[in-house]
Each structure stands twice: as structure tokens, then as C-alpha cells.
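Structures follow.
The two complexes that follow have subunit A in common; it is paired with subunit B in the first and with subunit C in the second.
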Partner chain A sequence: MSNPGYYELYRGSTVGTTLFESLDQLITDEKIQPQLAVTILSNFDRIISDMMKPENNLVKSKLTFKGDLSTYRFCDDVWTFIIKNVNVKLNDVSNSDLSDEVVVDKLKIVACNSRKAGEP
Partner chain B sequence: MSNTESSRLYETIIDEVINDSRQDFENSGIEESTLQELKRIWCEKLTQSQVAKFSWDNQPTFQQNISHQPFDNDIKLEHPDLLSYNTGSVNNVIGDNNDLDIQIPNMTSFKQEYDDDDNGLMLPTVTQTDGSNFEITLDNDNAKEFINNLKKLKGVDGVSDDDNDLFNDSDDINSELDDDLESGKSDDEENDQDGHIMLCLYDKVQRIKNKWKCNLKEGVANINGKDYVFQKATGESEW
Partner chain C sequence: MSYELSHVLSSIDRLYTSKDPQEIQRIQNDLTTVQKLDNGQLASSLLNQSSKNHQYFGALTYTVIINRTQKFDPDTLESLINELQSHIVNSNGMVVKKLLSNLALLFIFNYEQYNNPIERLLSLSTNNTDLQQTIGTIGHSMVSVIIMFSSIVVEELIKKEKLMNIHEAVYESIFKNLRVIYEHYDKGMPEDLELQILDCLTSWITYISLAESQSKVRYNDVESLIDYVFRNFNVKSLETSNDPEYHEVEVINKSITILTDILEINPNMIKGDRKNFLRSMLFEEGNWGQVFISKFISNEELEQEILNVINLIIQFVQLESLSITKNLSLPINKYILNLLIKLTDFPGMAVVEEKVSSQFLTFWDEFFNVFIDNEEIYEHSLDSLQKQVFYNERNDLCNTVCNIYWKKIHLPPLPVLQANKSEFLYFKSNVGDFFSNVYSLLKLPFYESLTQVAISQITNNQLIELESTLFILYKINEDCTFYESQSNSLIPFINQLFSNNLLTAFNSTVENPYILLTFMNYISSVQFYLKTPNGSNYLGYIFDILFTIILKSDLSLSLNASKTIVHICQECKNSLKSFIPNLKPLVIEMIENSNFDNLIRKRMVNSFISIAANELPSSFGKNLLEILNIIENKSLHIMELINNDNLQEDLETIEEYLLSLLGCIEECGKASILSEEVEDIFTDEEINLINKYWQDDKFSIKSKIFTIINEFSLLFTPFINNSSITETCCQILKSGLNEPISGPFKFEISIIFEYIIKKSQYCDALSISYLFRLVETIVITNSNVLNEDTITTLINEIFLDKLSMINSDPDLIGTSIDLFSLILDKKPGILINLPVFKTIVEFGINGLSAKESPIIKSVSKFWVSMLLMKKGSSTDQQLMKSLLITENLGSLLTKTLVVTFLACPRSLLDYYYPIFRQLIGKYSLNFKPWLIDIIKVVNIKIDDKEKEMFVNKLMVTRGHRNANDVLKQFWLNANGLIEFNTRSY
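This part shows the complex of A and B:
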């Protein structure tokens, strides 16, 4: 019943962890069964993956970053980077005036292969 | 802050997930109110995370009402009740802890005895079964050989004991590996503490000598406690 075509990657985002905690709370209160929570999480995997796609026009911003690569890892088709002294620039395309630039001492990037993401 | 996109995305995701899960809730025989409760808890938790400003945050009346309620609760009868309940629960918790405290030493003492018994008993039983197996075939042929075999078997056991000792010794050598593991863990912990993390897909990762370039897309990043979403990202870094 799970969606093999969708990554579980985004469960690590804030919107994912908060959903997980909410489901966990409902299970603890014995209001739902764990099996239902698993189904909801796979619904989440599918929906967030689809929402991120450009055709939905929900996510349009562009981001650039520059820094010192401290660690790189490629395992099971997943890239992990730990970059230090990173300058991150975000251009919100929907509000062209707005752009954000922040410097972070350490940024961890976890990236899955784009070719597998729900594509046939 | 230009993270308006992330709040809009999150709100859409919540609506979609809730609408999409309605059928699953029905199939499990769960009422609509529980689905709405899931949505409410989810929104609350997102607000508490403070990663973005959400449309439902623009209703501070709830909080005001809540903040007014303590003024109404000046009636003295309610407070002692609450306090007694609280202290009662605290006492219970302490009582539980005490129970646990008592139980844990008991458990560990039991475990230790059990482990000792295990270690003491397991090896003899193994050698005995081995010996009995060999007894049937070899005892009648040559008693000396059998005894030698037994001695060898015991010797094997002795070697295995030595192995254990060697293993224990090698733990000292392995401690370097342990250090590596620990340092790796501490790295991860540092990452968690910093909390700057980006989850995304990659189109292309290139390296020329020590220069790395990556083309990323459809990502969520948490930086300085705020969530950002992006359609495309390009990064350059030197190793």
C-alpha cells in the first residue's frame, strides 16, 4: 500500500516531523491505529513530492550557496554534503523584490536522485 | 524574510493531506472529528516550531482568551483542587520513580546473577553435549583417543576463552574505531544542534579537482530556525 515511487525524504522537514508527532500523539491517545498513521505518512510523501514540482507553481524560488565543502558522501543513490561557512542566497521569484542572504557556519544537505522521484 | 512560499506550501500540503486521508480514515472506521483533530494538532505544532508565519496565526484571540482565563480562575476552590491533583500526580510520579529505583537494582542484580549463571552453565553444557555425542562413536574404539579428543575439545573451549580474551584485548585496538564512531556521532549531534539542513533532489553533481558544483531542485531547507523552499538551487563549494 506504500508508494514506492515517492521518497520519504521530506518527512524530515518541519511539516513532516510535525505531522509525525501529531500522528504519534493520536496513536498514544489510542484514537487511531499505527497502520492508519503509516498510510497518512505515505499520503504525505506523495503530496509533498507533487507539490514541489514546478507545474504546481507553488514553489518558484531559486537558491544559491557557496562554501567550504567539509564532507561529501554518496551512498544508496543519496548525496550528503556538509558545507561549512556557507553563504546562502534565496531569491523569491514570486516577490522579486525580496531576497535573503544568510551566512551559516554549517549546512547539511541530503539529496535524493531526481530521476526516480515518482517518474515512470 | 522571504519564506512566504514555505508557509503557503505547508498550508496547501496540510489541506491536501487531510482531504486525501479522509477516505483512509473512513476505511479504518475513524470519525471525521479525529481527522480534524489531526489537522488542529498539526497546525499547532507548526506554529510552535516558528519556522514560518501561517494564515491561522493571525487569530490571536484564542491566546488572549486563554490569557484571560487565569483571571477568572481566581476562585480559590479551583486552585487547591488543581494543586492537590498536581501534587498527587507528582507524588505518584515520584512513587513510580522510587519503585523504578528499587526495581532497577533488583533487575540488574538478577541480570548479573543470571548472566553469571549463564556463563557458568552454558560452556559446561556445551562441552557435555559434545562429549556425549563423541562418547557414542569413539568411546568403544579407543578410550585414550577419546580422552585426547575430550582434552582437545576442552582445549578448543580454552582457545575460545582465549579468543574472548583476545577479543577483549582487541577492544583496546578497536577503541580507535570507537573513537571514530564517537566523533562521527558528535558530528551528527553538532549538525542536529545547528539544525541547518536542506532536503532536496539532485539533478547533477560535478567535481573538477577540489571544486564541487551541484544542481539541486525541489527542496526544503531549515536555516536559522526558518524554513525555506526552493524550486532550483545551485551550489559551489571547495573541498
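This part shows the complex of A and C:
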């Protein structure tokens, strides 16, 4: 890992993939070196992980779900769950007026130890 | 080497002064090239300059050299170390740090030869390089250099890949010297150095954990480091100081963070006596923790420090959770728990005035989870008497903590709440989840005691307290019914609450919207009770309260009330038949009166039809017809007013009202859908009766619905191009498609197709996409009745005739491709033989060039479905094979696929892989020559040999998952990019 301290989970988010593409463009246009892109992404991993920490109180939505646990594994300190026939309840807990329920066929959960973010 | 020093020096000067980005870019490129060519001569010359910028650039050039060569021969290594060290003495901070960073890199790459870095550094100031003997004489600046060097080494190692062999060298040559420094220093050093020593420790804590996990090295002798931190917690100086100095606070803060980090990352570093010392430091009366908290708890300037101390306390107790839970009666544990309870009950309003209680919430949640997770251990390790004592103490603890949080969620005065709404409600919701957790530990007796509390609050008219209790009960109810149905066991307690005048507490005098909201949420959460004979007795009273809220309160509360009514009517429809006569006039008034909110109107219609649909078909038919007639008459009247330009109200508002009237029919459709399996609701005889009734349809309800749809979407000119109207009409037509028996909304497919064809001639682009989605639903639910004949005209009308419109709208491209993928998945035979199929294929080929991810996603699915043809007959498969091989579609597809794949952005790559994999897997023999043909000529900066290797590697994968990696690597090479991710999840 280039930066073993922080997970690269959030790179798959919309903001992460958009950053990827901006960096690709900058590399292609020879505005930056690939190594700088790697450093920027390491910073992104760190900042977004820190921002998502509960103590920052930025994330106010919560979801609960129920379904049939199809597969689960714990490998390299990462839990993966695949749940089928899932009923997901979404709640913006800072605003009781907003809640929603959706049903999805399959849900994949990748869970890492948040306490280890920033540590090897 | 082709550079002139003077040119490099002036370039560096320009680099730091220029404001022209292009010039900076050009200089950076030039300097990078020079750095890459240097063998040390330039770096050395730069370091000998007087300018700090030149010196720093010299040090940076050495970094390039070291990273490029990494392992040096002994002579070069020796001269490099000497060169770098020689500049340390006379350079400034930034340059020294960079020089030390270079030495650290040299050590990491060459630790077998360069095995005494600290001694080498010491040699700069003394001939005796034994730190143990010289520590008292070398001066603070040399200590600072050693500390900085050791920090950089471990920070670099944390960033590197696994380097197991170096850890022993780090321990022997750096850590042992570092220990000498920590043993030697107490107080009295410069403030900067004191902070630097603490920062260094932070880096080492992380490193030690890494080294122990990657090697056999064990750091069993860290006591001196820990003791160094402990020395900063001096209770006497704390007692005498009322206003600690900034530096003192900073040292304490760093020390607290270090201890918290150790407990979090590697708690084994603090064991035995030191653990006892920390315990007494934190929890012993009169010791540091207690003095610090009691002295500074109300000092707002030290808020962060207080939170850090509490975090340390929590961290410590969490590690001891199991032991504490097992020995609740031990005096020390009682003392610790009492302290925690006292801190949890931090004075002030939660979130608004204090943050400590929210900080403790997660802790208590986890602490009580220990009780849940270890229930078996307590059961087996305790005798019956001990068990009794244990459970009593556990329950007392839970109740005490719950009582604190129950009080903390009492609603503050409205202005305060409005100002802190988001934070307070977030906290309240978390407390609700916490109580759900406690319920799973204490079970029904806990629920019962909460019920008793609520009853006494009803009796004493304590509305604020009652709101908190009801909120908790609502959270528990929701949890019990969402995850597993424990609802039956709760019914007796809910019944007690209702029979003790719960509803009278929420009479019309209650105006606080948050109290009413909690009441409505609670009512929504007890649907299972309201279905019972006892519960249904209260439905009338509940309706009274909820309708009063709708009629009198603001929009937000009214919306909530209408939502609660819908839930009740859907869940308790069997008990509500007798309410039809009372509800009907209300619903009719809401339909006819445009002043009601549109969403509330639709919800009320849904509520009414949910109950009515549960009656005999003849009664249901009559009620539905009445509603439809009112909607139609009202709509036609307004349409006429609009057509005659005779409208009194605002046109936009009245159009919204009209749309909501059509939406009411959609709600009728939704409410008519069977909520359970048909055989669970009706007997065979009843099913026959219902089928017959709706097939006869003596009131012509189905044609009435179609008439209204036509009136809205085809005949009323202002709505012809209104996509919301088309959307609602499509939703109405969709509502009965999946119903197993006849009903008012179950229409003949041919009639729906007729409507789609007619509507497609009069609508805008967005409306077309809703028509496509309607066809999709028909394919999903009724593919068995579809054939080539039924689909031909439809596709010609909605696709072929609209091709130019579709091609101009990215959303429509995606929607139409989605429909074709679906047909190819469900019943390919009805599509691939049509003459229009060639146009569809062409459309799919063009779609590969799209840059929008939703389109590429749809196109990828289309090609995968087409190549896979999983429900295709052997004739269908044969036809597809001939199309791909004989008619050269395969070659064209491969060519377009490769070209568009190589040009696509990184985020779209995942959508291209499955098409390649299908081609490799199913048409491998043909795919290879197709691929070679295009790869040969495609314009990329990759030589022929590499191209050939790519083809071979890709074919070896046989279309398995590893094809993705081969394709990704090829894409990266072709575009001159690198892989950013180091792992996939």
C-alpha cells in the first residue's frame, strides 16, 4: 500500500472517481507527474476518512436494513457481507421528517475497522 | 553533463518568484531533467550556495539520486553520508530536515552497511559516539537532530511496503539510542524540544505496532518512553495552577493523546505497574484525573482538553470492559463506574451546552453490548446467589445510565431547539438507538417499566417527559418490528398505555410540533396493536386527532399526519370498514377543494381506497366509481375553464391541482394492489367472484380510467407535452400489471400498447422515456403474452420513428437500450428476427462511443445480454452466431469496442470489461483475429510486441475475472497513466 494508514474505500465514491479523472487529465496534459497524483490521492484518503469520523458529526444519515445474509468473510481485516432481498431504511436523523424505505435484490457491505484509520 | 550551474541557480530563483504557471511548469520540467541526470555534483554545488532556496534544492536533488539508486556501493555510501552530514551543522531548519530525510532514506535502503546512523550524527559534535556517556554534554540541538532523524525514519517506514528485515536494525541502532534520550530527560529542556520529543513518540507508537506485526522484533522495553509521558501528569503543579500556561496545556494535551493512542493501537505497551499507575492517575481520588476534571470542568477554554481526558478514560475503561462487567461489585470498579456516570450526567443541555454526554453515548452502547455478548459467561461462571447480585447491579447500572439519557433528550424550549435542531435531533435519535440496545439486554421488564413511567406521566400531565418516554418506546417498537417480530409480546403493555388515556394527553391544546411529531411516530409504530380488537377501539379517536392536525397545523405536521393515516389504513384495513361512511365525505372534500395540499389529497385517497378495496368487489366498485366520477367531473370542469381562458386562479397552481387529481387515480391503483399472496387473502370461491366481477365490469370502471387517461394526456392540449402527466398515466397503467387476479387496474396488454402507440405520436422526449419504462414493466410481468407481431408495431412507432429524437437525448438512448437488453434477456426471439433489429444493433454499436456513464452502463448490459442470449433458443443462438461471424458484426463490434475502450475515462472501464469477457468466453476462436486486426492499427504509443503480448494474455484469461486486470493494464499503458489503487474491495 502506498499509504497503509488509510483505507482507499472512498476512492470508489463519486467524488473519488471524479478526482481520478481530473488527475488522469492533468497527467495526460503533462501538468502533473503521476507521483503527485498518488500523493493527492493519499491526502484524499486521509481527509475523507477523517471527515467521516463520527466525532466530526458531518454524517447525519443512518440506515438500517434487514435481509438474508448470503455470504460473509473476514479477510485482511476487512469484513465483506453480501445480503440478499434487503429492506433498507434510510433516515436523516437530524431531520425526523425525512425517512425512506427501499428494497434491493442484493447489497454488498465492505466494512473496515475505523479505529485503524491512520494506523498501520 | 549539459547544464551550467549559473543557469540552474537562476532557474531556481525564477521558480520561487515567478507567478506565471506556464513558466513554473517549464522550469520544473527543466530542473527535474537536470536532477535526474545528476550524480551528486550539482547537488553538492547547490548545498554550498548561500541561498536557502539553492541549498534546499541541493538537498532535494540528493533525494532524487538516493531514490533512483537506492543501494550504493560502500565508498559512494560513505561519501554521501559524509557529504550530507557536513551540511547539517550550518544549514537552516527546512534544509536540515531534508538532509536528515536523505540520511533516513540512505539508512532504509542500506541498513546493512549504514548500521550506526545515530553514532554518525553524534560524531558531528563529539569524538565519543556513545550516547549513554555523552547525552549530558552534546547539547539540545544535537538531541533535536537525533530526535528528528529517528522520527523521519519511522514515518518513512510506516509509508513503505513490508520491510521485515530492517525492523531489527531500527531497534538496535535507533531505538536503543532513543531510549537513552527519554531516560535522560525529565524537565528543564527548551519548550520546542519538549514538544518535539512528544511528537517523536507519537510516530514511534504507530511504528512499534507495525514492526511487531511485520517482524519478530518485540519492544518489551518501552518503560522509559511511557515513564517520560507519565512525568507530565504532575498533580502538585496542577493543584497550584488555576490558569495553566499555553505550553503546559500543549504538553498535557500531547501526553494525553499519546496515552490514548497507545491504548487504542498497542495497549500491551502499558502493562503491569504502569497500567496500575495509569488507573490510579485517572481514577484515584485526589490524583491527577480527578483534580484536573473537578478543577477545569467548567473552564470553557479547556473544553478540548477535558474531552481528550474523557476520551482517554473511555479508552482505558473499554479495554477493561469485560473485567469490569464481571466484577461490578469490586470497589475500584464501582468507583470507576460512578465517575463515568457522573461525567455522563455532565451539567447542561446535551449538544447545546455540553458534548460530554454524547461522547459517552457510544461508550455505554459498547459497554452494554459486553453484557449482551457475554451473557453465557456470566450464566456459567456465577452461582445463583452471585447471579442475583450481578443482575441487580447490572440492571441498576443500566437504569441509572438510561435515566440520565432520558432526561438529556427532554425537548428544550422551542427557540433553543430551533436554533440547534439538527444536532439535537441527531443526538436524540442516537439515544433512541441506545435504548433499543438496552431493551435487547433487559427485555420486557424494561419495556414494562417504561410503560409504567409513561402512564404516571399521563396521569400527572407531564407532557415534555411523556414525549421523551414515547420517543423511546417508538424507537423500541420500530426496532422490534423491523428486525424480528416481537410485536405480540409488546401488545399487553401498549394496551395498558392506551387504556390509561394516552390519547387524551394529546388533545387539541397540544401545540408543540415536536411533541405531536413524536405522538404520530409512536402511533405509526404500534400498527400491530391497532389491528387487534382492543387496539381498533382507539382508531376513531386517533383519526380525530390526526385529521385535526391535518386541518389545523402547519404543512410539515399535516404531511406527517397524513402519512400516519396512510399507514394505519393500509395496515388496519380489516378493522376500518365501518369508517368508510365517515371517511368518504372527507376524502371527497379533499378531492374537490384545491386548497388542500396535493400530497395530502393523494394520501387520503390512497387511505380510503385501501379500506374500500378490502370490501366485496361490488361495494369496492361502487366506491371507486364514485371517486373516479368526482375526479373526472372536477378535472373536466377545470380543463374547460382553462380552455375558455376563464380561470380565476393562478394557472401553474391549478395545473398542479389537476396533476394531483390524476395522481389520485394513481393512488387508487396503488391502493388496489393486493398486499399479500392472493391465496392468503381469498378463498378460490372469492377469487372466482372477483375475477368474474372485474371481467364483467358492469360499471365500466376500466374504460372510465382509460377515458380519464386519454382526457388528460391526449385530449387536453396544454398537457400533451407534459411529461409529469405521461409519467402518472404510465404509473396508473403499470399498477395492475403484476396482479394475479382481475381488478379495476388490470388492463389488456393490447389496450395498453394501443395507448402507448397513440401517445408516442403526441409527446416530448421525456414522455417517451416513460413510455419505454412502461413497456419494460410489461416485458417483465407479461413476457408470456408478447410475440413478434405485438412488438413489431410498437418498436417501429416508439423507436424507429423517433430515432432522431432519441439520438439527440442521452437519457433516451439509455432508456431505449435498457428496453432492448431486457427483451434480449427475457424473450430474445421476439426481437432478433425483426427487420428493425439491424437498426437496434447499429444503435448499440454507436452507443459504445457515449461518454455518459448511465448510457455506457446500459450499452454494456445490452451487448452482454445479446452475446449471452441466455433465454435464446438454438435457432436464436444460430442467428446471432451468423450475424457476428458471417455478417461481420463481431469484427465491427470488436473494432468499436477497442477504440472506445481505449478512449474512455477511468471510471467507465468497469462497464467495458464484461463485453470483452463475453466475446472471449463465447467466441474465443473468432475474437482473437478480430482483436489482432484492430490492435495492429489502433493509434496508441505501444509497440507491436507489447500489443501481441496483450492479445495473448487476454486470450489466456478465457474471459475470467483476471481479464479485467489485463485490460486495465493495457488501458493504463496506452494512455500513459498509472494504477492509483493498491487494493480492491
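FYI, the second predicted complex is superposed on the first by the 114 of 120 C-alpha atoms of A that agree within 3 Å, B and C clash if a C-alpha of one lies under 4 Å from a C-alpha of the other, contacts with A are read in each partner's own complex, and residues count from 1 in each chain.
By definition in this document, a contact is a pair of C-beta atoms (placed from the backbone, for glycine too) under 8 Å apart; a residue touches a chain by one contact, two chains touch by 3 or more.
As the structure is a prediction and not an experimental result, all values here were calculated from the model.
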Decide which partner touches more residues of subunit A, taking subunit B and subunit C as the two options. B
Is A:15 touching anything from subunit B or subunit C once the two structures are fitted on A? First, second, both or neither. first
Between subunit B (first) and subunit C (second), which does A:90 come into contact with in this model arrangement: first, second, both, or neither? first
Who does A:26 touch here: subunit B (first), subunit C (second), both, or neither? first
Quick check on the superposed pair: does A:64 touch subunit B, subunit C, both, or neither? Answer first, second, both or neither. both
After the superposition on A, what does A:52 contact: first (subunit B), second (subunit C), both or neither? first
Considering only touches as defined above, state whether A:110 meets subunit B (first), subunit C (second), both or neither. both
Touching both subunit C and subunit B, counted on subunit A across the two superposed complexes: 9, 12, 18, 21, 23, 31, 33, 54, 60, 62, 64, 66, 91, 93-95, 110
Listed in rising order, subunit A residues that touch subunit C in their complex are 1-5, 8-9, 11-12, 17-18, 20-21, 23-24, 27-28, 31, 33-34, 37-38, 41, 54-55, 57, 60, 62, 64, 66, 78, 80, 87, 89, 91, 93-97, 110, 115, 119-120
Report the residues of subunit A in contact with subunit B in the complex, numbered from low to high. 7, 9-10, 12-15, 18-19, 21-23, 25-26, 31-33, 35-36, 39-40, 43-44, 47-49, 51-54, 58-69, 71-72, 74, 79, 81-83, 86, 88, 90-95, 98-100, 102, 104-114, 117
With touch defined as at the start, can you tell me which subunit B residues reach subunit A in the complex? 1-5, 8-10, 12-14, 16-17, 20-21, 24-25, 28, 30, 34, 37-38, 41-42, 45-46, 49, 51, 187, 190-191, 194, 196-203, 205, 212, 214, 216-224, 227-239
Taking the complex as given, what residues does subunit C use to touch subunit A? 25, 32, 158-159, 161, 206, 209-210, 213, 264-265, 359, 362, 421-423, 425-426, 429-430, 482-483, 517, 521, 556, 559-560, 905-907, 975-978, 980-983, 985
